[in-house]
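Structures for review follow.
Here come two complexes built around chain A, the first alongside chain B, the second alongside chain C.
Then we have the complex of A and B:
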């Protein structure tokens, strides 16, 4: 028998309106010294399984049937005191290192507390053990860092502390729920390497829950693909991801942006929605298409931005933060220009300055021929019409109190106040059709739509003014990979048909490779390298670009 | 995706808030009491058995009649009468109406004033925000009763006595309203700061919409929930403040008594055995304020995005 064996597990949530079956007939097992990847899109039940093993199901979740056998213990049996084993035999790593540590306790105190709860050892030994653990997870100078508070650690270091906490009582099994999702790629690769090392050093069984196929293909020994609470496929990553037998897995794998080459479109299998490329785009009738000359549309010259906490009747308490330093680049008409960098690299700040949401501290931004910092009144309105933005978070980018038709009609009305109601209605329908949404969506509210659909609404709103430049700030990072593929295809199609210029901002290198013609790599607010996409990925010149590319998890099934 | 619902009635019927409402005995009972009080007091001309404010209908012979279940009481005057022979039950109904009108108007005034200042302060920020919010801090250090006494005193000094009785109710509304605005300004500012940084506001700015439209069409509807909650609890406070002021004699004139005025009138007879004259108005006031507070508590629990 394997170390942990799950058989016919069923979990459901009884809500007011209906019974939601979150997990259905799931059976799999984990051996010691094995990393098992649980992969699936949102709503696939992967986290629910992880929580069920720990006995941490949220109300009103309930295990309806099946067993979770940890050696001779059935964790699914309500009579079993799972809390006695949680932390001791089963360790847990959460997604967000910002919130999984107590901010008012030092890291050392938190480790000591956990160790002494589970092991009967005196304070001196516990302290020794805690420092050893910090050492093991790669915290440099563990003895002095022992008395530091969580905020004194960086995100990656904090996640290492969380892992040390999970290891306190020498568990046999570790459950890692999206352990690297909140981290930058270079830190992600370190944490993944750490998990692999711990697995072999301590002969741990690891259940790695993630949505990221590349992470799974890099470190998992076996993978379980879940969809809607059921197992679709199970086996070695090479077999399941390299040569999937099920349609769903095929579709999932084909949606992952390849890291080694550029493809024209993501193949979307069994998609019931026709793509915009096959249709006559009705909005084209309204579009004044101009031939893209390849001349520069946006020129950014020695742009800098610093943020200070000084204000009226308040003296600056901290040094101003230099978010962007001396950045220069140009975006040519009709191209996709990518801004790539890790968190804090200033990429979103640059985007906000280009769309004139915030003013630069110094430097110039030219759009067409105008210096945008000097625009006012009617010229500012004309500028606003030509440049629109799609945001990262589909849940906060639409006003929840407005119907879809009003959200999309608002920019139309504002920029063409002479249009009649009939005309606006038709235009809204055409825009909805252009982003593959049903015309019946117009009378609904945003909460009735999924993340991907909301992102389509966001794109329709951005297109309503017929912009020349579309600024996309991480437009797919909150979406599942199959939805991401659809949205990226949509953006590509629209760019082709409408002659849009796109400024694409992302931390996700494979996505940038698929979307962009030219790319600027940013680090700490400064540009490291600007290059054509192919050149950057095949032969990066700057050391930081090389570092980024090396840390990027490769999806090579 | 949620089930498609069509009409506004269906949407309310299907909503989680309505569901929570009909499953909360507190909310149900308190709102039933409130509806009864609202209906009876606003239609008091038809409900009240007597007209307590027409002097010709009063008879001093009826003065100090006790409640009907007490010896000497009779069912003509359910809760007894006061020193002028007015039916107490009818007077309470008329008084509740005055109290409710003053309370509602005062809270409406402070909600509009406070939200306007808080919303603009949060949205524009900078020097304007600092000045508004410091003003709110100053306002909070002045007790509301003191503030109302002050305004009432100033108005009394400015206008004649006959005129004062006519405008007394407006002075009262203004005095209570002005002392309640800071809490609405604070809540509105806080909520605005949260909403302002959301992407839909950035989108509205990139479209080029003017600040007024962004504030009132986009932000305002999204900050109304917390305002509604503290507004409800504020309503109970405003009614109590009105009663306090009337009890102190600076509120509505005795010719059109509110609950507070009735309690004051009864206070003089409390020790001579005619307890009912101030007891019943007080009892009504407690029930009214208590129901509003219970409803406010339920709202706070249900509308709080952190709990749900």
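Then we have the complex of A and C:
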């Protein structure tokens, strides 16, 4: 028998109206020293299984049947005191290290509290053990960092602290729920290496819950693919991801942006939505198409931005933060230009300056022939019409109190107020059709749509003014991989048909590779390298680009 | 951190100057100060002379400067009605008001936090709902009704607590305290309960809302996942995080307690500053009114300053200047 065995597990949530089955008939097992990957898209029940093992299901979730056998204990049995095993035999780590530590307690206090809850040792020994643990997870200078508060650690270091906390009482099994999703790619590879090391040093069983196929293919020994609470397929990553036998797995795998080559479109299987490329785009009738000459549309010269604390009395001036330093590049008409970098690299700040949401500290930005810092009045309005943005978070970027038709019509009215109501209605319908949304969507509200559909609405809204440049700031990083593939396809199609120029901002290298013609790699606000996408991925010249590419988990089915 | 406090002090001084200006205008422009001071039979020459000696013919900014200089030394002139220095009158009445306010703040904070945590944890319990129901009554009933109700129950029907006054008091230096005698303490119960009820309700509801929200956070879930006991999850992890907004509200509210005490003091004939103020209003006793105004402002400013310091003690994130700029 394996160390942890889950048999025919059923979990459901009784909501006011109906019984939602979150997990259905799931059986799998984990051995000691094994990393088991639970992979699936949102709503697949993967996190629910993790919580259920610890008896930490959110209300009103309930285990309806099946067993979770940890050696000779059934954790699914209501009579078992699961709380006694939390932290002691089973450790759990969460996705976001920013929020999983108590902000008002020092790291040391939290470690000591956990150690002394489980082990009967005195304060001095507990302290020694805590420092050893911090050492083990790779915190440099553990003795002095012991008394620091969580906010004094960087994201990656915080996740190490979280892991140390989970290991306080030497658990036999570690459940890691999206442990690297909130981290930068180079930090991600360090945390994954740490998990592998702990697995072999301590003979830990690890259940790794993630949506990221590349992470699974890198470190998991076995993988379980979930969909809508059921197991679709399981086996070794090479077999399941390399040669999937189920349609769902095939579709999932084909949606993952490949890291080693550029494909024209993502193959979408079983999709009932026709792609925009096949249909006659009605909005084309309104579009003043011009031949893209390849001339430069945006030119950025020695752009810098620093943020300083501007309060009304500056007694002690803080050192200003240099978010962008001396950045120059150009975006040519009709191309997709990528800005890539880790968090804090200044990529979003540059985008905000190009769309004139914030003013640069120094440097020049030209759009077509105009220096945008001098624009005002009607010329500013004309500039705003030609440049539109799609934001990262589809939930907060749409006003929840407005109907979809009003959301899309707002920019039309703002920039072209002489259009009649009939005309606007037709135009909204055409825009909805262009992003593959049903015309019936127009009278609904944003909360009735999924994340991917909302991102389509955002794109329709951005297209409403017939822009030349579309600025996409991490447009797919909040989406599931299959939805991401659809959105990326849509963007590619629209670009082709409408001759759009796209500024694409992302931390996700494989996505950038699929989307962009030329790429600028940013680090700490400065440009490291600007190169053609193919050249950058095949032969990066700058050491930082090489480092980024090496840290990127390779998805090798 | 030091520069932050320096900034706050400068701001506080600015606020105090504004209030002083208001209070000064009250003194000089609400009616004629000479008319208020002298009787009907004073001749015009005598009035003019008095005007000159009091410096009321000087330019306004010099008069204001003098007012501020005097105010710093707690010199607000003489009460028209009682013919005694205002500072003396306030010093006499202040201990009564402060004892009342401190007692009711302790009641409000103590019970407020305790009941707030309880109702936050047991959201659906019968006792929780009962507490919330009663607290709703606390918010909706005006203070004087509650005061009269309490007097009726405890003084009239049960006859166990006095209905007015401070009881026996003991003089310690300039401070006349009622906290050291049994009758003084007994007399304190009803007024402080009356005064605290409104704030208590507020704090209960605020703490409850905070606790409910914080119990949903990842770090609470993670603490449970590590096997930390319920007791330390609630009182070690959740409570301290919920205190930040509570401190803000409670700080401002203690200021309003001083102001609200006017009603309570009137209901219970409590010989405090509020009572003094009400009498001053009746007789248009401007010096007392302007001094009271300055004093209340000082209390508010001081409490806000203390609240700012408490933030630093509770929330370590404010102690280091660590701003994360997102790329």
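The rule we apply is simple: the second predicted complex is superposed on the first by the 552 of 557 C-alpha atoms of A that agree within 3 Å, B and C clash if a C-alpha of one lies under 4 Å from a C-alpha of the other, contacts with A are read in each partner's own complex, and residues count from 1 in each chain.
Going forward, a contact is a pair of C-beta atoms (placed from the backbone, for glycine too) under 8 Å apart; a residue touches a chain by one contact, two chains touch by 3 or more.
These figures come from a predicted structure and were not determined experimentally.
**Q** Check the residue A:249 against both partner chains and state whether it touches chain B (first), chain C (second), both, or neither.
**A** neither
**Q** One more residue to check, A:392. First (chain B), second (chain C), both or neither?
**A** A:392 contacts chain B only, not chain C.
**Q** Thinking of the overlay built on chain A, is A:411 touched by chain B (first), by chain C (second), by both, or by neither?
**A** In the superposition, A:411 contacts chain B only.
**Q** Once the shared chain is lined up, is A:114 touching chain B (first), chain C (second), both, or neither of them?
**A** It touches chain C, and chain B stays clear.
**Q** Name the contact category of A:384: first (chain B only), second (chain C only), both, or neither.
**A** first
**Q** Is A:168 touching anything from chain B or chain C once the two structures are fitted on A? First, second, both or neither.
**A** A:168: touches chain C, not chain B.
**Q** Tell me which partner A:441 touches in the superposition: chain B (first), chain C (second), both or neither.
**A** A:441 contacts neither chain B nor chain C.
**Q** Contacts for A:465 in the overlay, against chain B (first) and chain C (second): which applies, first, second, both or neither?
**A** In the superposition, A:465 touches chain B alone.
**Q** Of chain B and chain C, which one touches more residues of chain A?
**A** Result: the larger residue contact count on chain A belongs to C.
**Q** Overlap of the chain B and chain C footprints on chain A, residue-wise?
**A** 311, 313
**Q** Contact residues on chain A for chain B in the complex?
**A** Going through chain A, the ones touching chain B are 16-17, 311-313, 352, 355-357, 380-381, 384-385, 387-389, 391-393, 396-401, 410-411, 414-415, 444, 447-450, 458, 461-462, 465.
**Q** Quick check: in the complex, which residue numbers of chain A touch chain C?
**A** Residues in contact with chain C: 54, 56, 83-88, 91-94, 96, 99-106, 113-114, 117-118, 149, 151-152, 162, 165-166, 168-169, 307, 311, 313, 315-316, 318, 321, 323, 341-349, 522.
**Q** Sort out for me which residues of chain B touch chain A in the complex.
**A** Spelled out, the residues of chain B in touch with chain A are 1-4, 16, 19, 126-127, 130, 198-200, 202-209, 218, 221-222.
**Q** Under the touch definition given earlier, write down the residues of chain C that touch chain A in their complex.
**A** Against chain A, chain C makes touches at 2-3, 6-7, 10, 217-219, 221-229, 232, 236-237, 240-241, 314-317, 320-327.
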